[in-house]
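Consider the two complexes below, in which subunit A is the common component and subunit B and subunit C are the respective partners.
And then the complex of A and B:
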C-alpha cells in the first residue's frame, strides 16, 4: 500500500504555512455566487404563508383570491383543514409567482381560519411549564449525599442560557427546477452530496435524478443539512409551473422562526469541594427547550467527571420552532451550566479559578493538554497581573475582570471520496462533492494537493459543490477538514504514483524512487535527474491519470483523528452605571491536531469567538407569552455584535509535535463553546456578583448589581 | 410589498400636489431606511410613493447669525460632518454619531429621523401603534424592557425613536410643515405628540404636509447629547438625554434637559431644569439634577433599569456639555 502519511513537519512546503484563502478576493468583491444569487430568465419566486399563532388548528383555508392574482403560477396548501399548528412560523401554504412581490402579496390573499389553542412559549420558569415538562429521571454516581455532607465548601447557584436562533447571513432556501423527470437543485446547504437523496425520497424519484450544485453558502452552522419543507414545496411549485425554476428563500423573520435554534439550558447547581479546591460533588436540576420536542440534554458536569453526582434533567415542550444543531450542540449549554458554577465555587474559596481548573484537571480526559493551555492562556492575557479576587476591582464606575472556561469536542473525518485527474498537458483537477462553508475548505484541499504533487496552489483546479462529483459527507460535527484532507491526500498520492510509473523509464529509476518537488519530478535527492511537471505529464501520451482516494470515517489510517481541548479567557470592562459589558481582549487557545492552514484556522477561531461574544452579551430570542410570537425576528432587536463590539481576539493554535502526530482534527465547533462562559465569569469577577443568565444585557447586569448592594 | 404608484418630483409644489388627504394614500420617501421596511412588512401600504430627494431646496445645512437651517433631506452623515454644527450644536453631532451605521447615515435623512415610526416590537409585529390585542394593550404585561418609563399611563407605551428629537427640543428648534395651502412652523416640543387612539399619529405632521426644514435658533448654549446604547454597532439607545445650557459665567442661568427613548415623545425633564438653574455643573450637581430628571418615572414590569440609564444619560450629557470640545 502506498504511504499516505502526512509529510513530517519539517518537510512540509505548503501544509502548515499561513495561506490566504483562495476565494477571498471573489467573496470580498461580491463576485462569488451564492444559491440566493441564482437567476435565470424564466425564474419564478416562491413565498411561504406561515402561521401567526403558536398553537392552533386550521379550520378552513380559502386560496381562491390568491390563485386569481395575475402572475401567480402555482399554489400549494401545506396545512390542510384539521392540521394542528404547533408554532408561530409553521408553514401553511406556498405560492410561486413571476415576481417576489406578487408571491408575497398572494400569500396575504390566502384566507385561513384558525381555532386558537393554548400555548406555552417560555420555559425559564419551570414552575409555569406545568404538564409541558417531561422529566428524564434522576441519575447518580458515587455517593453524592455523603460527599455533600463531608464537603468543606459548597457553592450554590442558578444559571441560564437562553434559546438563540440560527441567523445565517444567507437564509435557508434554494432555487429548484425540473427538466423532464430530473430536478436541478441549487440549495444553500452544508450537504451537497447528500441533500439530493433527501429530496428524492420525498419526491419519489431516484436519487440520481436530482442534480445538486452549490458554489458558496452564506453560513450554515449546523442548520442546513436537509432539503426541508421549503425545498420540497419549491420543487412541487416548479413542477406545477411546468418545470420553471422556483427560487424560495426564507425571509429574515422566518429564518429566525423556523431556520432552527440552539436549545436553552437552565439549572440549579450545587458544587462541593475541599478547602484546597478539589471538587468532590455535583448536584443539578436542569431543564431546557428546543421547541415542541423539548431540548437536548446538555452533558453536565461538563468536561470534569466529578466523582459524586446527582442530577435530573427535564425537557420542556414549547410552541416554538424546532432546534437544529447549532455549532457544538449541547456543549455551550453544558459548559455554561458547569463552568459558571465552578467559577462561583472558586470565588467562594477565594481561589484563582485557573488554579481550580488546573488542580482538578485530572478529572478530565486530557489533563496535561488543559494544564498547558491554561498556562498559555494566562500568559497571553496577562492573567497574573490583571486577575483579582471577585469584586476587588477598584473604586471607579468601570470595573475590569477576567474569566476563564474550557471545552472539548470530537471532530474526526467524515466519509469522503476524492478524484485526482492529471492530464497529459500538465493540468490537475481535484474533485470532491464537498462544500466550503466559508471555513476555507477550498483552500485546504488545494494545499493538500499542492503539497503532495509538489506544485504551486495555482496549478490545481479544484471542483467541489456538485453531487456529480465523488461524494463527501455533510459538513457537520467539525468533520469536514479531516475527511477531505485525508481523501485528497490519498487520491493525490495515488495519482502521483501513476505519474511516477509513467516517467520512471525516462528518468532511469524505479517509480518508487521518484519524488515531486517544486514543480518537477525527480529522482529522490537528485535534482539533476528530473523532468518539469509538464514534461513529465507529456509522458502520459493521450491517457489522463484519474485516481480515487477515500477517507473512511471508521478507519482514518492515522491521517485524521478526534478529540480536542481548548481554553478561552476573556478580559472585560463593565460600566456599573449602565450595566454595559465591553470586551477588552479574548484569548482562545485551541488544540486541533495537525494544522493545514494556520491562517484560515485562526480566522475560524475569530468567527467562533465573535459568535460567543454575541451570545454572551446580546443575542436572545424574545418570546411573548401573550401572543405566542417571537418579538425580535429581525436583525434589529435580535442583536449581534459589530466590529466595534468585538475587542481584541488572540487565536492561539496549540501546535505541538504531539498534537501534530494525531493528524487533522476539525475546528469548526470547539472554539465556539466556552467563550460565553468565560465572558460571564469575567463579568462576575469584575462586578463582584454573578449575573445568572446570559446574555449580559444592561437590565440583567444592573439587577445583579442591585442584589449585590441590597 | 403592496404595489404602488411612484413619483419623483423636482419641485416642492409638484410634490405637495401629489399628497393625499388621508394616511395610506401617499407616503413620502426620502432615505427609505424605515419606510421600505414598513412596506415590506405591509405596515405601510401606500397607494403612491413620492420621492422628495430630487427636490433641491429640501437639502443642505446653512448656519447664520440668526440660526441653523437643516433641510429635511440633509443626510445624517451631512449633519455629522458639518463643522458649524459640531462647533455650535454638538448635541446634534453626538446624536448623529450614535447612528452608528454608515449605510443609514448615508441614506437616512434628518427629516426622516423625525418622521420614522416607533420601533415598538408589538407595532412592528402588526399589533398597531398602540400594541393592542382584543382591545387591551399588550405592553404592561408583556415584553416591555424597551418601552416607556415616562408618559406611559397609556394608551401609548412605545418610545419615540427619533435620534435628533431630544436635541431639537432642547435647542428650541422649530420644524416647518408645508402643505399646498401654506406652511406652519411648529416648535419641536409640539411636533412630537402622544397618540390617544389607534388612528392618531406620533407627530403633528398631517398627511397632506411635507416636513421641509428645521430651524434652530442661535442661543449660545452649551449643549450635548448622551446616548446609552448597548452596542457600538448599530443599536437603538436604551435611554438618551440632550441638554442645552445658557450660562452666566460659570453658572447655568437656564437649562433645557430632554430625555430620549424613555417616553412616546422626547421628554422635557422640567424638575431637572429647575434643579439646575442658578447652579454650576459639577459632578455632584449633575448627579442631583439627573435624579430629579427621573423622579417621576413610572417603570413597567421589565424596564426599571431604564430609570437608571436615563439618570446616567442626563448626568453624562451635562458633564459632556461643559467639556471644552475640539
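And then the complex of A and C:
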C-alpha cells in the first residue's frame, strides 16, 4: 500500500505555512457568487406567508385574491384548513411571481382564519411550564448523598443560557428550477453532496435527477443541512410555473424564527468540595427547550467526571421554531452550567479558579493538555498580575475581572472521496463534492494537493460545490478539514504514483524511487536526474491519470483524528453604574493536531471567540408569552457584536510535534464553546456577584448588583 | 464641497462619523436608534413635487460612472434594483432595515445602506458599488488588505464592509485603531472577522496614502 502519511513537519513546503485564502480576492471584490445571487432571465421570486400565532388551527384559507394578482405564477397552500400550527413563523402558504414585490404583495392578499389555541413560549420558569415538561428521569453515580454530607464546602447556584438563533447573514433558501424531470438546485447549504437526496425523496424523483451546485454559502453554523420546507415548496412552485427557476430566501424575521436556533439550558446546581479544592460531588436539576420537541440534555457536569453525581433533566416543549445544530451542539450549554458553578465554588473556597481547574484536571480525559493550556493562558493574559479574589476590584465604579473556562470536542474527519486528474498537458484537477463555509476549505485542499505533487498552489484547479463530483460529507461538527485533507492526500498520492510509473523508464529508475519536488519529478535526492512537471506529464501520451482517494471516518489511517481540549480566558471591565460589560482581552489556547493553514485556523478561532462575545453579552431570542411572538426578529434588536465590541483577541495554536503526530483535527466548534462562560466568570469576578443568566445585558448586571447590595 | 442637494446638518459633528460614532456611543450592540439616524444621511429631499407610480416607472441610475436605464416600481429599494434588476449582486441584502451594512454602497461620496434608499431617489447621484472599485481587473487596495489580513470568512458581509472601509478611509486617511472601531461600527459580521477587518483598514489606509489607486 502506498505511504499516505503526512510529510514530516520539517519537510513540508506548503502545509503549516500561513497562506492567504485562495478565494479571498473574489469575496473581497464582490465577485464570489452565492445561491442568493442567482440570476437568470426568466427567474421568478418566491415568498412565504407564515403564521402570526404561536399555536392555532387554520380554519379557512382564501387564496383567490392573491392568485388573481397580475404577475403571480403559482401559489401553494401548505397549512390546509384543519392544520394545527405549532409556532410563530410556521409556513402557511408559498407564492411565486415575476418580481419580489409582487410575490410579497400576494402573500399579503391571502386571507387566513385561525382558531387561536393556548401557547407556551417561555421556559426559564419551570414551574410555569406545567404539562409541557417532560422529565427524563434521575441519573446517579457514586454516592452523592454521602459525598454531600461529608463535603467541607458546598456551593449552590442557578444558571441560565437562552435560546439564540444562527442568524446566518445569507438567510436560508435556494434557487431551483426544472428541466424536464430533472431539477437544477442551487441551495445555500452545508451539505452539497447530500442535500439532493433529501430533496429527491420528497419530490419522489430519483436522486440522480437532482443536480446541486453551490459556490459559496453565507453562513450556516449548523443550520443548513436539509432541503427544508422552503426548498420543497420552491421546487413545486417552479414545477407549477413551467419549470422556470424560483428564488426563495427567508426574510430576516423568518430567518430568526424558523431558520434554526440553539436550545436553551437552565439548571439549579450544587457542587461539593474539600477545603483544598478537590471536587467531590455534583447535583443538578436542569431543563431546556429546543421548540415543540423539547430539548436534549446537555452533557453535565461538563469535561469533569465528578465521582459522585445526581442529576435530572427535563425537556420543555415550547411553541417556538425548532432547534438545529448550533456550532458545538449542547457544549456551550453544558460548559456554562458546569463551569459557572465551579467558578462559584472556587470563589466560596477563596481559591483562584485556575488552580481549582488545575487541581481537578485528573477528572478530565486530557489532564496534561488542560494543565499546560491553563498555564499558557495565564501567561498570555497576565493572570497572576491581574487576578484578584471575587469582588476585590478596587473602589472605582468600573470594575475589572478575569474569568476562565475550558472545553472539549471531537472533530474527526467525515467520509470523503476525492478524485485527482493529471492531464498530459500538465494541468491538475482536484475534485470533491465538498463545500467551503468560509472556513478556508478550498485553500487547505489545494495546499494538501500542492504539497503532495510538489507544485505551486496556482498549478492546482480545485472543483468543489457540486454533487456531480465525488461525494464528501456535510460540513458539520468540525468534520470537514479532517475528511477532505485525508481524501485529498490519498488521491494525490495515488495519482502521483501513476505518474511515477509513466516516467520511470525515462529517468532510468524504479517508480518507487522517484519524488516530486519544486515542479519537477526526479530520482530521490538527485536533481540532475529529473524532468519538469510538464515534461513528465507529456509521457502520459493521450491518457490522463484519474485516481481516487477516500477517507473512511471509521479508519482514518493516522491522517486525522478526534478529540481536543482548549482553555479560554477573558479580561473584562464592568461599569457598575450602567451595567455595561466591555471586553478588554480574550485569550484562546487551542489544541488542534496538525495545522494545515495557520492563517485561516487563527481566523476560525478569532471568529469563534467573537461569536462567544455576542452570546455572552448580547444575543438572545426574546419571546413574549402574552402574544407568543418573538420580540426581536430583526438585526436591530437581535444584537450581534460590532467591530468596537470585541477587544483584543489572542489565539494560541498548540503547534507542536506531539500534537502534529495526531494528524488533522477539526477546529470549527471547539473554540466556540467556552468563552461565554469565561466572560460570565470574569464578570462575577469583577463585580463580586454572579449574574446568573447570560447574556450579560445591563439590566441583568444591575439587578445582580442590586441583589448584592440588598 | 457642499451643494443644495447635500442635506448635511451643520450642527452635526463630522458627517461621515455620524451614525457610526453614535452607534459606538450606545455601547453594547448596534444601537436602537441606528436606523433613525441613518435617514438624515441617506434621505434626499423630494425634488419637484411630482409623484411616481403606482406601477413600473423608467429611471436612470449612474452606477460606477455609467448611466443605466431600468424600470422599477417606485417602492423598490436601491439594493433590490441592483440585485434583482441589474445583476449587480456584490452588495447583499441581509437585515433589510439599515442595521447590518451588508448592502453598503457609496453615493455621492457618502457611505449609505442601499436597503434604505429608494432606487428612484438615487437618480442623479453617483453610485459606487463594490463592482466599480476594482480597476482594470486590479483589486482595490482595501480588497487587497482584506485578503492579506484574512478579513473574511463566509464573505457575505465582506463587500459591504469593503465599501464601508473605502468610504471611511476616503474621508479619514490617517485613522487610529480607535477611529477604525468607531468609523466601522455600522457593519456587522456573523463569522466574526473583525480582527482581520481592523488590521485590513489600517493596512489599506497606509497603502492608499501611498497614492496608488486612491
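To be clear about the criterion, the second predicted complex is superposed on the first by the 710 of 710 C-alpha atoms of A that agree within 3 Å, B and C clash if a C-alpha of one lies under 4 Å from a C-alpha of the other, contacts with A are read in each partner's own complex, and residues count from 1 in each chain.
The definition used in the following text is that contacts are C-beta pairs under 8 Å (C-beta built on N, C-alpha and C of every residue); 3 or more make two chains touch, one makes a residue touch a chain.
Here the structure is a predicted model, which is why all the values come from computation and not from measurement.
When the shared chain is aligned, no partner comes close enough to touch A:76: not subunit B, not subunit C. Of the two partner chains, subunit C is the only one that A:437 touches; subunit B does not reach it.
When the two structures are aligned on the shared chain, A:649 is found in touch with subunit C, with no touch to subunit B.
By the touch criterion defined above, A:27 lies against subunit C but remains apart from subunit B after alignment on the C-alpha atoms of chain A. Of the two partner chains placed by superposition, only subunit B is touched by A:627; subunit C is not.
Using the contact criterion defined above for the overlaid structures, shared-chain residue A:702 touches subunit B, although it does not reach subunit C. Once the two structures are superposed, subunit B and subunit C can be ranked by residues of subunit A touched, with C on top.
Once chain A of one complex is fitted onto chain A of the other, the partner contacts of A:618 extend to both subunit B and subunit C. In the superposed model, A:463 makes contact with neither subunit B nor subunit C.
In the superposition on chain A, contact of A:229 is made with neither subunit B nor subunit C.
Counting contacts as defined above, subunit A residues 101, 578, 580, 617-618, 634, 636-637, 639, 641-645, 697-698 meet subunit B in one complex and subunit C in the other.
Residues 101, 104-105, 108, 577-580, 617-618, 622, 624-627, 629, 631-632, 634, 636-637, 639, 641-645, 697-699, 702-703 of subunit A are the ones that touch subunit B when the two sit in their complex.
Against subunit A, in their complex, subunit B makes its touches with residues 1-3, 42, 100, 119, 121-122, 124-125, 127, 133, 138, 141-143, 145-146, 228, 230-236, 238, 302-303, 305, 308-309, 312.
Per the touch definition, subunit A reaches subunit C in the complex via residues 20-21, 23-25, 27-34, 36-37, 39, 45, 99-101, 167-171, 216-219, 221, 251-252, 437-439, 578, 580-582, 599-600, 602-604, 606-611, 614, 617-618, 634-637, 639-646, 649, 697-698. Residues 23-24, 27-30, 32, 34-35, 73, 75-76, 80, 83-84, 87, 89-97, 99-100, 102, 129-131, 133-134, 139-140, 142-144, 146-148, 150-159, 162, 180-182, 184-198 of subunit C are the ones touching subunit A in the complex.
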